[in-house]
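I'd like to ask some things about the structure below.
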């Protein structure tokens, strides 16, 4: 059984964190996404300005707000502003 | 030495005249284009409505008005409204 | 800047080589095709396109110059097919390469609208299942010839 | 309706087969290419494109559905290349087939504008003659992998 959430960082978010993915342990009942991201920002302060302009995707859906819960096995992707085309 | 003007008929103009080209004798000093075309319309009355909406090209240039002169060796093309694309 | 009239089928693959330019970030292509249509129960199977070959390239070239001046685009290529074109096949391809996409879109649209009004090309419907409608008073001149001889 | 992400070069020839439809009289294609550019004397030699592969096709598919509903177009095809793309090469091709040209032009423009804002693809410049600028803190993950393992 997975007990962690996988955080994925793209483009400038990856550069700020220095890794494309980080696994974070969460309790079985889940955790508040916002708190999880804050703990990453504490370790990687350069992520903060990027996070402010990024979209957040949990298991293939955009999420917003501060009360989103994540559970073990979830995948959360940080998407800085897109620049494709 | 050529002594005639070649008249070219495209699309509905060709259908009205029943030929893609007609050669008309003209004097060495030339003739009035309008008169030449009128003589064709007399023989091919179905050309009249087509001619009214057509552009006329003499030797690769659009001409207008009734006083344009044509000379032996000239080529005059009757262009009904375009429908390419 | 290049324009062509051909009686052969048109393919996008043939257009690519005309558009190479490292300064062009955007290419817009328009492909006009013969569309399946019916008119009072009769079905169009093909269109017969004809042109005034002595005059058409001059007019197309003039259009291309207008597009380049007006929209500051970098490459323009236009090819129009003539002769019989069956439903589903392309009759014209217009391609514009430009530094930025807004100008490429505008120039491509400009070119097709102008082409329809100012370039000496004509089409006539070919109908299915109606011999009377298929009868033509005069056949079009063979491609490549300016006069019936 | 089809969308694709690939790390291979894009060619117009590969697009044609997605657009066959006798009811579509107009096809509009947009090709986005890596443009030669300089910034304070430094020259871009390529762009590195990356995407969130688990999410991008869903977003592209959603865009295509929007275009079809909004503009009544008949066929939509979008292919975006990722990885390193050199100056002059295509990064994206968008193709729309519709009964009439006005809708094809509008839908193609809609798709590229939306793609730039709503589809998870990112690019980073690769510079010539500036080793410092070329240094990356973290290399992008290899194509096809969701995590660095």
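First chain written, first letter: the chains are A, B, C and D, and each begins at residue 1.
Assume a residue touches a chain if its C-beta (ideal position, glycine included) is under 8 Å from a C-beta of that chain, and two chains touch if they have at least 3 such contacts.
Just so it is clear, the model here is predicted, and its values are computed rather than measured.
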{"item": "Chains touching both chain B and chain C", "value": "none"}
{"item": "Mean-CA-position distance for chain C and chain A (Å)", "value": "52"}
{"item": "Centre-to-centre distance between chain D and chain A (centres being mean Cα positions), rounded to whole Å", "value": "25"}
{"item": "Averaged-CA centre spacing for the pair chain B and chain A, given as whole angstrom", "value": "76"}
{"item": "Touching two or more other chains - residues of chain A", "value": "none"}
{"item": "Residues within chain C bordering two or more other chains", "value": "32, 112"}
{"item": "All chain pairs that touch each other", "value": "A-D, B-C, C-D"}
{"item": "Complex contact set, residues of chain A against chain D", "value": "6, 8, 10-12, 14-15, 17-21, 57, 60, 75, 77, 79-80, 82-85"}
{"item": "Residues on chain D engaged by chain C in the complex (per definition of touch)", "value": "11-13, 15-16, 20-36, 87-88, 99, 101, 104-105, 108-109, 112"}
{"item": "Complex contacts: residues of chain C adjacent to chain B", "value": "32, 49-52, 54-55, 58, 80, 91-92, 112, 115-124, 136-138, 140-141, 146-148"}
